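Next up: the structures, one after another.
Two complexes come next, and they have one chain in common, subunit A, joined by subunit B in the first and subunit C in the second.
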Partner chain A sequence: MDDVLQIEPLAGRRFAATGIALEPAPFCERFSLRAGPEEVAEVGKEIGIALPVKPKSSKTLKKISALWLGPDEWLIMAAPETGLSAKMSKLDGTLCSAVDVSHRNTAIYVEGPNALAVLNAGCPQNLSLTAFPKGACSRTIIGKSEIILLRESPERFRVECWRSFSDYVWNFLVDAGKSAQI
Partner chain B sequence: MLLIQCPYCQEDRPEIEFQGAGEAHIARPANIADISDAEFSEYFFIRDNTKGIVFERWRHTHGCGRFFNAVRNSISDKFIMTYKAGEPKPELTEEQIKAAAPISKKPAADKPEPSPSKAEKAK
Partner chain C sequence: MSISSASAGANRIKNRGRLNRARTISFTWDGKSLNAYDGDTLASALLANGIHLTGRSFKYHRPRGILSAGPEEPNAIVDIARDTARRQPNVRATVQEVFDGMQANSQNRFPALIFDVGAVNDFFGPFIPAGFYYKTFMWPASFWKHVYEPFIRRAAGLGTAPTEADPDTYANRYAHCDVLVAGGGPAGIAAALAAARKGKSVILCDENADFGGHLRADIHAQIDGQPAMDWVASAVAELRSLDNATVLNRTTAFGYYTANMVALAERVTDHIADPDPELPRERLWQVRAGTVLIATGAIERHLVFHGNDRPAVMLASAAQMFANHFGVSIGKRVGVYTACDSAWQAAFDLHEAGSPIALIVDTRSEVPSQLLAKANDLGIAVKPGHKVTATSGRLRISSMTVEAENGHGKEKTPIDALIVSGGWTPSVHLFSQSRGRLKFDADNGRFLPDEVAENCICIGGCNGAMTLADALDDAANATGSKPANCEETGSMVGYQIGTSNGKTDSAFDKSFIDFQNDVTAKDIRLAVREGMLSIEHVKRYTTTGMATDQGKMSNMHGLAIAATELGREIPDIGLTTFRAPYTPVTFGTIINHAKGKLFDVTRTTPIHSWAQEHGAVFEDVGNWKRTWYFPKPGEDMQAAVNRECAATRNAAGIFDASTLGKIEVVGPDAVKFMELMYTNPWQKLAVGRCRYGIMLREDGFIYDDGVVGRLAEDRFHVTTTTGGAPRVLNHMEDYLQTEFPDWKVWLTSTSEQWAVIAVQGPKAREIIEPFVEDIDLDDMPHMSIREGRFCGVRTRLMRVSFTGELGFEINVPANYGRSVWEKIWERGEPLGLTPYGTEAMHVLRAEKGFIIVGQDTDGTVTPDDANLSWAIGKKKTDFVGIRGLKRIDLVAEGRRQLVGLKTLDPREVLEEGAQIVEDPHQPIPMKMIGFVTSSYWSENCGRSIALALIENGRAQMGEKLHVPMANGAIAVEVCETVFIDPDGSKLNG
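And now, the complex of A and B:
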C-alpha cells in the first residue's frame, strides 16, 4: 500500500559496544492473524505462505514471515514492497481474523556474540541454540515489557515490541549492552 | 524460578510469563436466569481455597496467550500436571500426589514433640 504512514519511533538511534550492536528495524507491515485448525491450510494458500503449526517456529518465504504465537495465532510480517495488505485482503471469504498491527509494533535488531547475554539480562527464556534455534520465535518478556523474539541467525535476533514500549525496551537493551562488556 | 509446563507450547516456561486465573472446573449454571441470588453468589464468588491439591486455571499471558488448567499442591507450590482447557478433570495417582507433597518435618504440627532436652531428661 502506498498510503501507509510509516511510523518509526526509534529512527536514528544506534548503539554498539563490545560484542553487541542494536539497530532499529526498518518499517514493515504486520498482521495479527487468528485462524482455527480447519482454516489454517486455506489461509496459508491465500497469503502464499504455509503457516507454521509447531510451537515456537516461524517460516519466511519471499520476504514474508509467519511467526507461530499460539495454537491459533500468528504474526505475519513483510517489507512494504511485498504488498502484504493486498494479500491479506484476499482472506475476505475465509473464516479468520486478520488485523493490521503495522503501527502497533516496532522492532530492534540485536546482533553480536553478546546478543544472548544482552537479551537474557531481561528475558527469562532459554535462548541456547538447542532450545531456541535459528528461526525459533516466541512471545515472551524483556524486563517489564512484552516482546516477540525471532532468532534470525545464531547471533542475530529481532525484538518486536509495542511502539509505546519501544523507548523502554531500547534503553533496557542499551543498559544490558553496556554491562555485557564488563 | 518456577517452571510451568504449557500444554500448548509443549515445554517448560518461566513462571513470569504466566498468570494464575483462579479455580478451574466451575461450570456456569445452565439456568442462570432462574437461580436465586444466593445460588448465583455461590457460583460466582465462593471458592474452595483448598490447602493441598488444587485444580486451577492459568493463562500463558506472555507466551501463547492460551488459558489452560493445572493441578498444584498449594502448600509445596509443586505442579503435578497441566492440561488443555476443556479437557476433563484428571484422576491423580498416589505417586503423583506424593511427589508434590511438601517435605514433611516429623509428625503432625498440632501435637508438638517434646523437645530433645526434655526427652533426654525423662530418660
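And now, the complex of A and C:
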C-alpha cells in the first residue's frame, strides 16, 4: 500500500519560551537489548558498537547510539536510514534478547540555557555537568511518567518516553518551561 | 530626629530606614485606602499609618495588634486579595509585602474590627477555661452533629476560605548542592560566601525579602570595617555573581527530610503588583544537600503578665526593626519591659529616633552598668528588679502598672506603646526535624542543638550565639575559614520564661502565653491540676502551640509554667515535637505542577483520534481512555451497544484493542519460564500457534489471563489484561530476578509497540484478506499467529476471538495504527463492518461465557471455580500457585462456581453485584449463596443474560434461585455460561 502513513504521537507540536525550546524528535529505530556479561562483547561486535558498561553512560558510533540502562540492558537507537534492524537481525543466533520498540517510545528534544531547570521541575536527578555530563543517560522520571534521559550536549537533552505518556510529558515540560526563569 | 509627615503614613521617621521613599504605592485596609513605600510589609505600612489594631483573637475576640516583625507573628493574621479569585486568608501581616492595589482585610470580627460582637466572650472568659469544649459539649450525644459542631465551627476558626478555583500556577524544582544554607543572617551569609569561594555549589535561602536577618534592625554593627548592612549587600552581590551559588530570598526552608532533603517554599509573585501571568505564584524547591548549614537565628519571646496582649504591645526587636529598617515609629511615649539586654539597645534606638522612652522596667535587679549608664546619658528612667503587673487601654495600650519585686512602690505610667523582651529562643525547628537531639541550657533558659542525626551544622543564633562575633565565629568554624571582623553593641544575654509576675489565680487574669489560641498561664496550670502530666497532653488540652504560628513564641513559656506547677525540671518534661512545615505552606506549592491535565497521566491509543472523530464515548480504564461505544445520532447507550453487538455477529465489528498488555518473552529458557508463570503446558505449543493462558498467584487464585502466541522456539508474544499489564510484568520480573536470576530469558514490554485492531465476525476474513501479504490465511486455524505484512506494514497477525466469532487481531507498529484502521474501515464499511467499544465487547464475550479477570474474578477465584480446570497442565509438576491449589479450603466442597443466570422474565436485567439466595422468604439476614458478576441485555439472545458465582453452582443447573432487590426478589434459573453457539462452530468457520 502506498499511502499508509506513520503518525508520530507528538507530530506538529512546538514550544519555545525564554531560554527553552521543545521539539519532537524525528522517528528512529529502537531496540531493547538484553544480554548477560559473558555476551556483551560478542553482541557489541555483531551490531558494530562496543556496548557501554559504565552506569549512566552511552556511546554513539556511526549514528548508532547505545544507552546503558542497567547491568544487562541497553537501548539501541538509530535513524531509519542507518539500517539498524538489519544489524539487529544478525543477533538471532546470539544469546541475548533484541526486541523492536521503535514505536513504543517517542522522544522530545529539550534545548536551551534553561533546559536543566525545565527538566529538574520534574526529574529529581542531579543534572549538573559534573554529575550528568554530555553523553550521560538514565532511566528516571518526569513528574508521574517514566522517561529515559540522554544529554546530547550541555544544553540539549533527549527525553524518551512511552508513546501514550508523551502527551503528559510534553505538557509537563511546557508547564515547566513557562516557569523556568528564576 | 523628628517624624516627617511623609505621604506614606504620618509615623515615618525622618532619615531612618532603608526603604526607597521615591515612590508611594497604594493599598486598602478594611476598605480604606492607604499609602506605603516599596519594601513595606503590611505591618510596617499599617504602623506608619498609625494603625496598631489589626485583628481579634480566636477565642475571646480580644483586640490584638502587631506583635512581631517576622514569620513568628501570632496576632496580625489577615486576609490578602488581588481580586475575588486570588484571595488568601490567614496571611501574616509581618511577612506580606505591600503591592500596588493590594486589598487587605482584618479577620475574626463582626461587624467591624473596632466593635466586635464576639468580644462578649472576653467577659465570659472565666467560664471558658481550658478544655471547656471537651467538658461542655459531651452530652447528649445526638446534639453533637446538629447543635454543638455547627456552633463551634461558626464561632471558631480564623478567616474564610476562598470559594473560587485558584487561577494561579505553582512550580517545582529539584536541586542538588554541596552546601545548603538555611537562613541569610550574618552567620548564614558568611558561611555561604566562604563555601562558595572554595568552589562548593551553594544554595542560600532566606524567608525575608531582604538578607541580613537581625542586622536589618541594627544601625550600629560593623563588619569588615563597614556598616553591617553594606557588608550584607556586597556579600549577597558577590554570591549572586558566582555560577556555583544560587541565592533565594522570600524562600523559607520549611521541612527537613531523610538524607539531607530539605524542602523550600519560594514566594515568587506575592509581592508584585502586576505579575507576569506565566510566572508561578510559588515554587517548591526539593534540595538534596551534601551539608546543611542551619542558620535560622533566634526568635524573641514576649513576657507573660496580665494584659500583655493589648494592641501596641510589641517585641522590642520588632520595634527596632520597624524603626531602623522600615523607618516607622511605633509610638510617642514608649514603655519598655524586659529581662534581656537586647531590649535596652532597642529602647535607645527608639529614643534617638523620636519615640521617647517613658520608662525601662527590667525583671532583673542586676543590669549591665554600661546599659544603665547609657540610659542615664539619654535621660531615660529605669526600674531594675521591677515587674509590670497590669496594663490598660481598650483598642491600644494607654498605661502600664509597675511594682517592685517585693510588691512595693506600685505606680501607673501612661504610655502609647510597650516593647517587651523575655529573651531569645533559638530556632531549632529544622535541626529538630532532622531528628537532631536538643539539650537544655539551664543558664540561659533555652534548648540548644546537641547530637546531629544528619550531615548538618547549626551556626549563629540557632546554635546559641549571643553576639554578632559568636555568630561569625560559628560560620568560620563550619566552613574552615577565617571569621570576619566585627564591632557591635548588642547582646542577647538575659531571659525570662514562664510568668514574670508569679502565680495569678484570679479568674480574670489575662496573662497570655499563646496569643493566637488565647491560652493564658492559668490555663496551663489548670491543665496540670486536671491531670495532664506530659507536655504533649498539656498542649492538646489547652491548644497552646497549636495555631498557625505553632507556638514559636509561646512554647518555652508553656513548658516553664507546666514545669513549675509539676515541681519538675524543664528537661524532665520534654519538648513537644517540631514538625514540618516551619511556617504554613499552600497546597498549591505542595502539588505544584500536578493540577488540571497534569494531575495524572491520560493515556490514549494511536486510534483514539479516529474514535473521537466518529463520535465515540470513552471510559476510563486505569489511566487509559478506552472507546466505550459509538452512538449514532439519536441513539442512547443501550441502542448503540445493541446495534454494535448485532452487527458483529451478523457481519463484522472492528475494535481497538491496543491497550492490551503485551510482553515479549525471549531467550533459550523462555519456554521453561512460561511453564512456571502460567498453569498451562507450553512445551508442545507449536511455533505459530496461540494458547489461552492463566496466571495464578502463589495462593492459587487467578491473577491474570491472556492469549500467548509462540513466534519462535525461544520467543513468545504474551498478552495481558489492560489493567494488569504493569503488575504482570512486575510479577514475572520478580520471579526472574529473585528466584531464577541465572535463567537465560528476558522480558520486554511491547504494549505500546503494537496497535491492535480486532476484526471479528462472519465477514472478518473477507474484509482483511486483500491487505494480507506473506501469510497464507488458509493455513491459519483458530488460535494461530503469523508474521508478515498488512497494508504493506510489518504485522503480527493473530487469529483469535474474544467474541466467539471468526476473528483476527491485527498487530501493526503503533505509528501505523490509525492509517491501517482507516484502510480496513474504508473496505469494511460497505460490507457492514461496525466499530464497537468496550461495552459491546463485554456483552459479546459474556454471551460466550468468557471471563474478565477482575470482573468475574475477585482475587478469591481458582481456575476450577471459573470452569477453567482444562487450562491447567495435568502433567505439570510446578507452576506458580500449584501448591496453593492443593489447600484444603480450595479443594473443599461448596466453593462458589461460575454459572450462567437467566431471569424468568427475559426483559429483566439483573444488577451486577446483586446477592443471590435460595429462599427469598427466609428471615433477614438471609443466607447469601453467591452474587452476580456480569449482567447485560443481549440483543443477540433477545433477552437478559448474566454470570454469577454461586455455591456449588455447577450442581444446581436448572435450579430456581432468587435475587432480592429493594422492590422485591427477582427469580432466576441457573444455566450454563455459554449463551450462544455452544459448540463453537462460528469460531472455526
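Keep in mind that, in the parts below, the second predicted complex is superposed on the first by the 173 of 182 C-alpha atoms of A that agree within 3 Å, B and C clash if a C-alpha of one lies under 4 Å from a C-alpha of the other, contacts with A are read in each partner's own complex, and residues count from 1 in each chain.
Just so it is clear, a contact is a pair of C-beta atoms (placed from the backbone, for glycine too) under 8 Å apart; a residue touches a chain by one contact, two chains touch by 3 or more.
If you're wondering where the values come from, they're calculated on a predicted model, not measured in any experiment.
In the superposed pair of complexes, A:D175 makes contact with subunit C only, with no contact to subunit B.
Of the two partner chains, subunit C is the only one touched by A:N120; subunit B is not. In the superposed pair of complexes, A:F165 makes contact with subunit C only, with no contact to subunit B.
Contact with neither subunit B nor subunit C is seen for A:E42 once the two complexes are overlaid on the shared chain. More residues of subunit A lie in touch with C than with the remaining chain of the pair subunit B and subunit C.
With both structures placed on the common chain, the touch criterion links A:D100 to subunit C but leaves subunit B unconnected. Touch criterion not met for A:E152: it reaches neither subunit B nor subunit C. Of the two partner chains placed by superposition, A:E23 touches none, neither subunit B nor subunit C.
Common to the subunit B-facing and subunit C-facing surfaces of subunit A are residues 124-125. Residue ranges on subunit B touching subunit A, taken from their complex, read 1, 8-11, 13-14, 16-17, 62-66. Those residues of subunit A whose C-beta lies close enough to touch subunit B in the complex are 55-56, 69-71, 73, 124-125, 138-141, 146.
Only residues 1-9, 17, 27, 32, 34, 36, 72, 95-105, 117, 120-126, 128, 131, 143-145, 162-165, 167-168, 171-172, 175-176, 178-179, 181-182 of subunit A touch subunit C when the two sit together in their complex.
Put simply, subunit C touches subunit A in their complex at residues 169, 171-176, 201, 246, 278-280, 283, 286, 288, 593-594, 597-598, 600-606, 624, 664, 666-668, 744-746, 748-754, 771, 791-793, 813-820, 823.
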